[in-house]
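Right after this note come the structures.
Here subunit A shows up in two complexes: once beside subunit B, once beside subunit C.
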Partner chain A sequence: MDLYFIVTQLISGFTMATLLFLIASGLTLIFGVGNIFNFAHGSFYMIGAYFGYQLVSVWKVNFWIALVAAGTGAGLVGAAAEFLFLRRIYGRAQEGGFQILLTYGLILIFDDLVKLIWGTEYKSISKPSGFTGALQLGDIFIPTYNFAIIVIGLVVVVAAWWILAKTRPGRIARASAVDREMLGSLGVNVPLVLTVVFGLATALGGMAGALAAPLRSVTPGAGIEVIIDSLIVVVLGGMSNFWGAWLGAVLLGEVNAFAVAYLPAWSTLFSYLVMVVTLIFRPEGLFAPTRLRKV
Partner chain B sequence: MSGRKLVAIAFVLVAVCLFSGLASAQDKLVRIGAMYPMTGRSGLYGMDSVAAAEMAIDEINGKGGVAGYKLDIVFTDSKSKPAYAVRVAERYITEDKVHFLFGVVSSGVGLAVTEVSKQNKVIFIGTDHAATELTLDNYQPYYFRVSNNTFQSMTAGAMYLKELQKERPWKTITYIGPDYAYGHSQLEEIQYNLKRFGVEYQLISKYLPKLYEPDYTSYITSIIKDKPDVLVCGFWGGDTVAFIKQAKAYGLFEKMLYFHPDAGGNYELMSAMEGEMPAGLVLSARHHNNWPDTESNRKYVAEFKRRTGRYPTYAAEGAYAGIYAIAKAVEKVGNPDNSAALIKALEGLQIKLPEDPEGFTSFIDSQTHQIVQMQAIGISEPNDKFPPAKMMLGKWKIYKAEDLLPPKELLEKRMKK
Partner chain C sequence: MASSSKYKFGLLWSVGFVAFALVPVLMTSRYQMNLASHILIWGLFAVAFNMLWGVTGMLSFGQALYFGIGAYSIGLFVNHAGKAWYLPAIPIGLVAAAMLSFLLGLLVIRVSGVYFTMLTLAFAQLAWQVTFKWYDFTGGDDGIQGIIAPGILANKMVYYYFVLVVVFISVWFLKRLAYSPFGLILRCVQQNPNRVRFIGRSVKMNQLRIYVISSVFAALAGSLMVGVDNSIHTDMLFWTTSGEVILMSVLGGINQFFGPFVGAVILILLEDIIGAKTEFWPIFLGTIVLIFVILFPKGVVGEIQHLRHRLKIAGESGGRHETHASA
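Now for the complex of A and B:
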């Protein structure tokens, strides 16, 4: 086996994993903290990609500024959606079913809004200057932009872990996952916490969309394409577990990269196989701390 | 609500019904029930098909219609879902009493709707879905297709590769295409045709990622490792855009010839990639905005641009052709009610279309009900006449329509099924 090829394939897997992680991290945050299953999370990825397109390709804004702005924009849309719609169904009997229906409705609405604003044509963003080239590794070139993605992913996972684990807002967010009523009686504005967390989570999704746009096609319906793989990552990693989501994404990315290389006919199967095995033997997630296991 | 308001609403409703009844009583109508995806990745093809069908209808009705009839079309979102489209088609037949079913982008939806057409004996004009099965294995007398299928494009593709071997000796192929009927049949058909033409080559690897896969990175590095001389690609739409963007960064196009003869030359690729579209890719599509350079094609493209503000994707011309096929058949028969006579009229029907070069007219093969058209394969090169695209195809090689039909033995074998 060619060592260069193994390294390239490892990096390929990592790139795919990082984008997956950035999308899935928002999903796992909302699920873990707010106990909300946001089926429309992919739509915020799509919205971020379109915001990125508008800023970079139409308004000619610097790519990195646009990246932050697109994430912020998607986060604001997310917070508004939570405030206007999701907030109304909290605490209902069978809330889960309502969440799926409502967020599915949001997918359709966002898809059509995007179509009304930007049309159905495929859109594109150029890579930021300085990241259009490639590094040579043996016979293979690896785009420098892919390295940028990997680094951004690592920064996000460390920052999110630090905020959730070490800061007061992070502790409040985690507490709201455990007992919203108790938190409320301690004087914390729980609805506000949920809106902010929802906004942050969708901002992460939006940023992933803008970051992926130079590599992918920006089109209505782009959100649906990423949501299934993100769900697999959340299942692998365990809910509300940033390191878990990151490791889950890396596992999925690498399994996929090497399955494509050595068993291409079966490559699609493997990601689902990993999920099924996890669900059967460790339903709380491969990387969930053991104490969270339900008895 | 007050009683007075209710009465007012009822009055308005009755008036609306009366007037709409009056309008339809004045005109005799050819009713067409169309199904196209309006959202998601294939939404672009759906919206373009709708615009082009409306354009053809305006042209025909503007000249007074056909045989005393006006054309009337209804559009419903197929949602790209076979089961849903089947319900729409059934509703069109039982409630709207349509004379023709029309449309669909996905071959999966086409295969489902052709069954409804067969059972209800209502003619289905397929405008833009390429799976060869519809006019061979799943042939039924009420189905007609008005754009080339993958067998035709892959035959042209195999001819191109055969000629290429003389200029630029190549020996190995890798294939990548989406993991469903469309992707699989292109691979089978290119292999079948290369063998039929006696081309010596080796298929060294094949990759079938799922449809709408957003990330091809691992596939690209793996293909580069395989070192084929030619990469044959079977993606369409957004998948092609994503693949080419990602592959370009890895320098894939400098390492092998990129060959994409069915849907690679679609305009939406050029417009989405703008200045980043690589030169030197060998591509084709079922209609090109810059070939043939005829008055008819220029007029069609310009009129579409005027109506929609954008240049058409190849899907539009299929819908445009479908409306003209219906108009011509109704004109021949004199009414849209006699299906048996309409089928006879459509079989062998000649229609001059924007994609036909001088001296050639598209026609419908009476045995398979498949339209027979030329295929032009070109190479991407700088051309900014169709913005936002910065590259278009050029250095055309043209393949004669009659040469692209399946050989007799294959026809007999597959139609018997």
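Now for the complex of A and C:
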């Protein structure tokens, strides 16, 4: 085991962690604010990836513009889905189960629509120009694109945290998690808040999809793998905890990167192993100060 | 009142049995009998699943795991140990499912709500991945083909009646269970877990029990499926299989014992009619889910009962009105 190898794996793990966190933070945001479990969250990742493919590889749009556009597009689809379907079942008995079912229906529809529009074969996006090489630090090479993902991810996440914690719209969003009726009687349009939050969170997922597309190929059905990974992150971090989810993502990303290096065939088992161990010893999440909220 | 509903129920039960028993006599092609076997087996799977969700309120998205264990137990024994192991492999599969569901159950019932749902999903996907990748042992994506049931069961007609009897006995057992004191505790676990604690019963213990029972019947359904299709495939463990039983339950109605069975009948017939015409069956399926979740959350059986109930109230109040007028 040399240093070179370890650092390379660390960076690859950190890249994956950043992508995972972009997705998982959207999932926690929707859950924390709206108390909605969006099972179809991975599908918005997939939609973002396909929008990115369409823009970059077919229409030859600049990668960075396409990245923003793909995120926005996925967010608009998400807001529409919330407006048209999800809000019709709020407050129903056994709501949690029906949320999962409704969003499961969305997964089926989105998966097939993607196949209908783009076909079943794997798609890929090339890395943006200027980001195909590697940074050299002594003996260590860091692929520039991985570096870009990590930076973009950090910026987006810090910005999201800042908006949520420090600004007025963020306070309104957090208030709607605590007491919707009171917020409504103060003159805030609560249904609109939920739609906007849903749109923003799915936009985060969509952007992660477009961002990941040059590293992983774009396939229909990617949504379900992504949702399981981000779920493990959330279980590790504790769902109510923004930064806990970040640590969970880093842990999962690093475990995965080293597992891929040493035991490539069984690498996915390790994510589950981490989750099982966590569940046995700390079912409320590794970094969660409070107990799990019941849905 | 009780005896008349019991009588009505017995009648319904025998009509169902006779209808399914007549399928091989009235069928015009082998395919229809195959379809009827699928309906019976999925019906059992869905009813067993709904003991978890509709009755106890535990939405598992991972019952495909146990369905797959039932099937792969037979497939692996026949493939690696020989044809004589077909029948012994069935109880072995059931015991394996019971043991695994007990161990996993200890883990997954530590969390509730969507966490429970997603954890069951995660474990089932793990099992699917292992089956998929362990090519030398499980046949991977190729599955295992040409598994023929031994002796007289190799005859399709005999096998159909075998399935019919096993499914009816199992569903009857589950029905007894659902309306036993244990079944009442399970309903209580869903509606008011605190009360369960007040009367000195353990919520977790009862959740674990029904998780194991439901999983064993899922495994039984999986093992019955082998003789119908004579092959097994990793798709049996895939998450869409778990999704399918959930859909059947919603379609039929989760608050009625026979709702999921009716849902299985509807879904399989629909899939047969629409799925044959288009490769984009999932879009239809997704749309059906949206329509039912948003507009008819009680399911077909639930909505019909609701309608009958409302007609009855309307009829009664109308009648009362008349007597008033005459007086």
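One rule holds in what follows: the second predicted complex is superposed on the first by the 264 of 295 C-alpha atoms of A that agree within 3 Å, B and C clash if a C-alpha of one lies under 4 Å from a C-alpha of the other, contacts with A are read in each partner's own complex, and residues count from 1 in each chain.
By definition in this document, a residue touches a chain if its C-beta (ideal position, glycine included) is under 8 Å from a C-beta of that chain, and two chains touch if they have at least 3 such contacts.
Just so it is clear, the model here is predicted, and its values are computed rather than measured.
Engineer: Just from the overlay, do subunit B and subunit C fit on subunit A, or is there a clash?
Structural biologist: By the criteria stated at the top, subunit C and subunit B clash after superposition.
Engineer: Considering only touches as defined above, state whether A:I117 meets subunit B (first), subunit C (second), both or neither.
Structural biologist: A:I117 sits against neither subunit B nor subunit C.
Engineer: Of the partners subunit B and subunit C, which touch A:S126 in the superposed model: first, second, both, neither?
Structural biologist: The answer is first: A:S126 touches subunit B but not subunit C.
Engineer: Answer with first, second, both or neither: which of subunit B and subunit C does A:P214 touch in the superposed model?
Structural biologist: Once the two structures are laid over each other on A, A:P214 reaches subunit B alone.
Engineer: Name the contact category of A:Y272: first (subunit B only), second (subunit C only), both, or neither.
Structural biologist: second
Engineer: Which partner does A:I224 reach: the first (subunit B), the second (subunit C), both, or neither?
Structural biologist: Both subunit B and subunit C are touched by A:I224.
Engineer: Quick check for you: in the superposed arrangement, does A:L3 touch first (subunit B), second (subunit C), both or neither?
Structural biologist: Touch status of A:L3: no partner.
Engineer: Looking at the overlay, what does A:I232 touch: subunit B (first), subunit C (second), both, or neither?
Structural biologist: A:I232 sits against subunit C, while subunit B stays out of touch.
Engineer: If you stack the two complexes on chain A, which partner ends up touching A:P283: first (subunit B), second (subunit C), both, or neither?
Structural biologist: Once the two structures are laid over each other on A, A:P283 reaches subunit C alone.
Engineer: Return first, second, both or neither, reflecting whether A:F85 touches subunit B, subunit C, both chains, or no partner chain.
Structural biologist: The second partner, subunit C, only.
Engineer: Thinking only about the overlay and not a real complex, which stretch of subunit C clashes with subunit B: 39-47, 93-101 or 129-137?
Structural biologist: 129-137
Engineer: Looking at subunit A, which of its residues have contacts with both subunit B and subunit C?
Structural biologist: 108, 111-112, 115, 224, 265, 268
Engineer: Mind listing the subunit A positions that touch subunit B in their complex?
Structural biologist: Result: residues 2, 5, 8-9, 12-13, 15-16, 19, 108, 111-112, 115, 119-124, 126-127, 132, 134, 139-143, 145-146, 212, 214-217, 219-222, 224-226, 256-257, 260-261, 264-265, 267-268 of subunit A touch subunit B.
Engineer: Help me check something: in the complex, which residues belonging to subunit B touch subunit A?
Structural biologist: 39-41, 43-44, 46-47, 179, 205-210, 212-215, 217-222, 224-225, 237-239, 241-242, 245-246, 249-251, 268, 271-276, 310
Engineer: Which of the residues in subunit C come into contact with subunit A in the complex?
Structural biologist: Interface residues on subunit C, with respect to subunit A: 53, 57, 59, 61, 107, 110-115, 117-119, 121-123, 125-126, 129-130, 133, 239, 243, 246-247, 250, 280, 282-283, 285-290, 293-294, 297.
Engineer: Could you please specify the touching residues of subunit A with respect to subunit C in the complex?
Structural biologist: On the subunit A side, the touching residues are 31, 37, 85, 88-89, 92, 94, 96-102, 104-109, 111-113, 115-116, 224, 228, 231-232, 235, 239, 265-266, 268-269, 272, 275-276, 279-280, 283, 292, 294-295.
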